[in-house]
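Next up: the structures, one after another.
Two complexes are shown next, each including chain A; its partner changes from chain B in the first to chain C in the second.
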Partner chain A sequence: MPSTSLALTPGLSSFLKSLKSNPIDTSIENLISLLKRRQICHSRASATATAYLLRSVVSLCRTSESSKLIERVQSVGRRLMAAQPREMVVGNIVRRVLGLIRDEAEDDREAEFALSESESQPQTPRAFDDASLPLDRDSLALGSERSTRPPLTSMFSLLSHPEPEASLPSTPGSQSPGGHNNFTKDLRAEVLEGINEIIDELGQVDEQISNYALEHIHSNEIILTHTSSTTVQKFLLRAATKRKFTVIHAESYPNNHEVTHATVSGNRGDDDDLLSFESFQKPLIAHGITVILIPDSAVFALMSRVNKVILGTHSVLANGGLVAAAGTRVIARAAKVHQTPVVVVSGVYKLSPVYPFDFDSLIEYGDASKVLPYEDGDLVEQIDVQNPLYDYVPAELVDLYITNLGGHAPSYLYRIVSDHYRKEDISF
Partner chain B sequence: MGPKQKGGGSKSRGNATEEVEETLQAVFLVEQVLADTFETRFEPFTLDKPRCLLPLANTPLIEYTLEFLANAGVEDVFLYAGAHSDQLERYINASKWKASSSPFKQLSFLKSVSSSVGEVMRDLDSKHLITGDFLVVSGDVISNLPIEAALTKHRARREADKNAIMTMVLREAGRNHRTKSTSISPVFVIDPTKDRCLHYEEIDHHSEESHARLNIDAEILLTHAELDIRQDLIDCSIDICTPDVLGLWSDSFDYQSPRKHYLFGVLKDYELNGKTIHTHIIKDAYAGRVRNLKAYDSISKDIISRWTYPLCPDTNLLPGHTYDLRKGSLYQEQGVFLARSCVIGRRTVIGRGTSIGDRTTVHSTTLGRNCKIGRNVKLEGAYIWDNVVVGDGSDIRGAIIADGVVIGKNCTVQAGALLSYNVKIADSVNVSSGKRISKSKRDGSSAPTEVDVVGEGGEGYEFIQGEDEDDDPDDVSVASSGLVYRMPGLSLSSASISTLSSELSEGSWGRSARSSFSDSAERDDNFNADATGSVLESLREGVSADVVQLELVSLRMTANASDTQVRRAIVTSFMQYIEELMAKGKGASQAIHQVFSQYTEVVDRTLFDRNKDDKKDQVDLLLQLQQDLISREKGDTVLLFTAKELYELELVDEEAYEQWWNDERSSESEEMKKVRGQAQQFVQWLADAEEEESSEEEEEESDEE
Partner chain C sequence: MATTTESTPAAGAKPFDIVATYNELLRSDPDLTMPIAAIEALVLLLTHSPSSTISETLDLLAQSTAHLKKAIPNPIGLSAGTDLFQRYLITTLQRPGQLGPAGDFKAIRTHLLSNGRLFIRRAKESREKIVAFGRGFIRDGCTVLTNGGSRAVASLLQKAADEEGGPSAVRFRVIYVLSSISKNIEEPSGEPEGMETVRALRAKGVPVSTIPESAVAYALGKADMVIVGAEGVVENGGIVSRMGTYQIGLLAKAIGKPFYCVAESHKFVRLYPLGQYDLPIEQHVIDFKSEEDITEQNEQPVDTSADRPIELPLCDSVDFTPPHLISALITDSGVLTPSAVSEELIKIWF
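Showing the complex of A and B:
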């Protein structure tokens, strides 16, 4: 019975299921309303849903030009971002997909240049991959240019092709229409593969981050953490396999305390699908780690004993600032006062190229009844209750970011941003 | 959408029959009661627009409810609409809910002329649209409640016991709460061990009897170890029902409202039908109903202070909305023009294209789109819809200003005033507290302007509410200023039972309802209709007297009917049958003889005064006959022959005829006199015979026997 009822409420899993059967416009509207209704919340779920949706958008977009594909993805992306502007990972995923399309378009153009220069072997290999959608790198990459390129397409390639779209239509004029079509098909296939990589990344990100755990957590340290972030838990669990340390867990009342309690005690009931499909491992206490659960208000008092603060986050901004669960800023500030290092663990997908000019607008306000029970009629009448879900933590309070690419100082984030997002996509 | 596929595909664990019911259906009662006092609570606005399209924090009410249903994973929605259904239909057809991307598989719009929830339910039952469990929601519910917990429990209960037919979702609230109605409080008596509702009653705080009473059956007290008697629950009228619920509605055709009649009735008749109704009490989600203006005010506040999260203005439920939350619960759409020196306070919503002039202060106010607010205006606690113009220096507090209203310069609109669509208020007019000004009348025509109300050059007249609400005078006076005072809110429909008798009189047995000597019309009618119908049926089929008798007795027992009622039923049915026979060409005497001789026993069993001097029962029988025959063809002839027949069958004694003839009731009206005209000779003859008899002493007695 409980599983039946779970299936009833729309959410990430139901969305992913319906994605295959529904027409694409329905799926887009569906995701928009799910985001609006907060039935898909949390960074991971939003990112996954967005990536899957864009994959179907790209695979169903029967266009012959990369510029049209970009336009299509942009228009879908705009609507998704407007639906829930505070869920910044949605924008991140859209930008990465856009970046992918641009990169592939450029690659193709280069390959085409190579082709037109060396008109040696014209049509024969192409007849094959016309039928097979999954890309055949080798058959296409006749010009060795592609393989010699550095795998990391970074700012350098950006500079070398200042106007990728403008020059695109002019080049393939000499090609036969069949050959042209061939390229775009490959373009789509390449992009799809890129999106699949993003989806894989989303699935593996916690594992990858936790690989760095042993470098950062040492024996007999006292670690303070906050909220029930899965990333943080996995990070600590990895360290717990080798080392003994103590964890102080702030409960993050009122928005996340129940899940936090469940995380600490290991009694994860039937949670939201985000966590259940991860088949969460045993809690820290089962590994012999001492876990102390404290109210958020006790953070400052205990900070003098803490060796390291490890925090999860909702998203990371381009300047290194964080939008994280409410209460994070207090902890970061307390750590600053006590000169305790603050480590933020976050997947690269949470890293947003948005610069926070007005960080008040990034903070979402949640359900007031979590703070004050609604049944208390007299107080409800007379009191204004605010329940912010997030805090803005300025970059100077954070000492180190650990992403799936490794550890970075806040000042280095700009570089990761420019590696992952194209300049022209930052504000589209 | 997904859920159903999952139900059907991946989880077919052998209970295939159950899987069919995975689709959650919802019946959505919009404007459920046409003639309900409910509607009039939002007058004069509801004269032009259906209630569920009125904006609540700049979003039509119905959006919130549909959003709730989508949230709950409902797939089929049946919308029942009453007043202004064409407007509603147009709105729905244009909305995203009808688009291909709608979360609902089916959104059916059912028009109905029904005037109560009861009729809607019966209509629904007759259409056989409902296949499994379904939700019944009224068109003004605002809720962010995840329904699955309640649904799971409901299903588990139903699995265990087929008779658990309904689960009501109730929100716990304290003793005083702004969204609770204050005039009537529903009281639930609940068995907390099983979450079963045992008794329901509404306590009217404004009733004449000062002492509110709760009548709990002693049986309930004796059989349950633990009882919760709760008055602190907000009834948000979200019910999870099994199809059996509809059946019960159909069985009891006099139920009008889902709580006052249906719930009360089903719980009371537990012994009879064995159905149980359960409660699901929620503590941590929002649920409320916009049932009156007071609730409109408080729920608006709840939405703006984010108690209803995520159903808040900045969620932008409607496509095209671009609300954005700023500090201090200030929701502002893009494209708002604010003068540099204006002051925007807390808890304010401002729609696109609205401009606010210099030195204007706005507090706790909802402003729609394209409003023009002048300079030095004070707005506090007001609800201003779209396209409103407010002149310089005006002061508006706690009022509702509908679309297209123009307010002149230096006006004062006091708390609780309601200005309906397109009203124009001239300069320097004071609209006093609680006044309702409208342009259109109840019948849809536009009314003449009352200059003393809206000033020179204004448009509109003072709308006096409640011509039809004389039954609740106290309510009207308070309701008119609903926004300021604690306005009593009638919970759900208070549709009167009086419609019942009219409903019956349309039936073929209605004539008897007019009988002057019935005191408690409804209950009698009920029995009368049943009994008459069944007896007539038996007569037509020619069933034996014993069977008819047995049937009558059982009917009498269940309805606890009096002998008079039984007699009336017999008379009505016999006369009807006789009429039918006569219509087929039989002579009156022949027909009467046939019927009465065959069913002597039946009539005999209703007369208990054979050995008394005062022949009350027999007189009553004759009176009933007389009454019934007034409206029938050849009534006087039939009465004569019947009287003779009854005499010959020794059912009625001579004394009874005499008493009947002298009874003033038998000659109280012209019709009565007319119908007994022919019987006069018979009575005369009887009287003569008696005299003869007395003169001839005992000799003739054996003959007479």
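Showing the complex of A and C:
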């Protein structure tokens, strides 16, 4: 594909290209407008764009203090999230970067305290004030404990030492002067390295998930899937290399049916910049898999024959529920009625710490002309046409989540959330 | 929450009576929860005891805790507090540092004694934190069904009602399930538990409807969610709460409404009840009687010997709501799924 044509259509690849040449503020504005106009709208495209943008933000942020860096990332993150609040992966990536900075800052502080502690054992007063010394010791004890086991915040916070805030890295300005500059430089380098790891993870996530395919798809099974999710396709393709099975593919009219048809037939249009990475892939039929394309309305009728439902998702919420393409809930419900297991494949980056207080607010509405074209002008004037893009699927309709970390029950997702995001970043 | 205000038999010739102290604490501050009152009583106990070694103190604590649990008809709530206190002492003593075994035992004692008030303040602050986490649940136009006299629920609802921006910033309605059994035994016609909250909410401009327990199934269709309080949150994520909560949970599940529980994390208790009749308390809710039994009972004088287990009065009876009925727990450590409770407990016990 010629690179000139790519630069003309605004999207992920054009954004990534411009990131190097444009000043950072222009890039931020650029991404905000791309998100607002839904020119970047896939979970992974949004996540990748956010990660690359934050990498530039961090590398260009010439500060020596972690708190300034956190502030900067927070302010950029807030603007990105406000641009498209329903694209939860943006917030997830921002939170992970914030967590990275906090972790690194804490490691450094700990190392420094350990150093100063061992030095100051014989003669007590040093650069610190006498009064602040016991406090620092306490925070050290807390900090080292945190690194070895889960933080003892919850219930013990009631009884613990007078100032629990002292354990938080709230006052980086009061650090001891020695060795200050070199480790903050390290801090930024390490954060950048961490962001690179996140970017790598985004690239590898489908591959990692597909490694679990053979454990879940067995010979001669009938698998039902929905939408053209690349994660699901890779998952099925991996299984197809070893086993023969049947795939029933619901077409997900009206938002995704063209792409779904292309996925099934194997000639994907290369207009979509996300899918262009995958367009070299052989379709399932090339591996000798029987693929049956059905309209969404036939899902219930066929469900009794299906052995397993495998679904992709837009984002996963902390309570185990998920926001996925419209029609997913119908499929999950039908599967429940027939006691068919529902497996959701999703990268960890889609897992959001947000609790869905209001399900309706999560649903995004799309172009109504896909349901009823404007050529039918008479009808458009008389009726209200709606085209919801997403469905909220409650946790009890899902049996298993497969992420790049393995398989998890929906009730276990809170644990993965607490592993990936810091509590102080959940609502910033 | 059940605040047993009945006077309990004085604990022998002890100079410091932990039971009386506990009851007095609960009486003196209506905002105090049972676990916190228990912790407070234990701190006061340490003040009065001359113990100077660790094992002596732990021994004293264990004894007093057992005594306190025996003397109170429903020790589920308070045992959360005593367990937490005991574990806190042990972990602090094991931890390297100033307050550890190497340090002076007096230091930890002074710390505990000097910060007694602080614990209570923090416990009350945890309610504020819950409000912050739970604020998102109450939205414009929604109807909340609740029951009992939980202070956490009351503060959550009241906070939602008086958010900044004039009277009742969030326009929500409340259906309050009132128990038919009066809270006050001396005055059977007295007002049921929760009336105070109802009045406070109405004063803030929130439309409140009060319904009897028998109307829950009827009223649930009009409600968007159920929010209840809890006396204790057990290990599997279920809750021990005011009698009637279980049936609301079952009905909410059947009708498909979310069922949320509001509880401070110091109410997490290490219990694993397998069912309704597996709670470590004596309550005679179901009491089979024939005509013969009734006449017999009337003839016999009431047995007041001390070794008889104390029964829970009917108005304070509790039931157990299993975790699969609970959508989420709103606690001061965030909005948790029931399965997250065991992890929180593991953090303090192991």
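Please note the rule applied: the second predicted complex is superposed on the first by the 356 of 428 C-alpha atoms of A that agree within 3 Å, B and C clash if a C-alpha of one lies under 4 Å from a C-alpha of the other, contacts with A are read in each partner's own complex, and residues count from 1 in each chain.
Heads up, the rule we're going with is that a residue touches a chain if its C-beta (ideal position, glycine included) is under 8 Å from a C-beta of that chain, and two chains touch if they have at least 3 such contacts.
This structure is a prediction, so every number in the text was calculated from the model and none was measured.
Comparing chain B with chain C, the partner in contact with more residues of chain A is B.
With both structures placed on the common chain, the touch criterion links A:367 to chain B but leaves chain C unconnected.
When the shared chain is aligned, no partner comes close enough to touch A:304: not chain B, not chain C. Touch criterion not met for A:75: it reaches neither chain B nor chain C. By the touch criterion defined above, A:290 reaches neither chain B nor chain C.
By the touch criterion defined above, A:204 lies against neither chain B nor chain C after alignment on the C-alpha atoms of chain A.
Contacts of A:381 after superposition on the shared chain: chain B is touched, whereas chain C is not.
When the two complexes are overlaid on their common chain A, residue A:241 makes contact with neither chain B nor chain C. Once the two complexes are overlaid on the shared chain, A:23 sits against chain B while remaining clear of chain C.
No residue of chain A lies in contact with both chain B in one complex and chain C in the other.
Those residues of chain A lying in contact with chain C across their complex are 134, 137-138, 141, 145, 150, 152-162, 318-320, 355, 357-358, 411-412, 414-415, 423, 426. Chain contact summary for the complex, chain B toward chain A: residues 1-3, 5-7, 11, 22, 24, 67, 70-73, 96, 99-103, 144, 146-149, 151-152, 155-156, 159, 171-178, 180, 232, 283-286, 302, 305-307, 309-310, 315-317, 322, 324-327, 329, 346-347.
By the touch criterion given at the top, residues 39, 84-85, 88, 91, 95-98, 111-112, 115, 118-119, 122-123, 126, 136-137, 139, 265-266, 268, 327-328, 332-340, 343-344, 347-348 of chain C touch chain A in their complex.
The touching residues of chain A, when paired with chain B in their complex, are 1-10, 13-15, 17-18, 21-23, 25-30, 33, 36-39, 82-83, 360-361, 365-369, 373-378, 380-381, 384-387.
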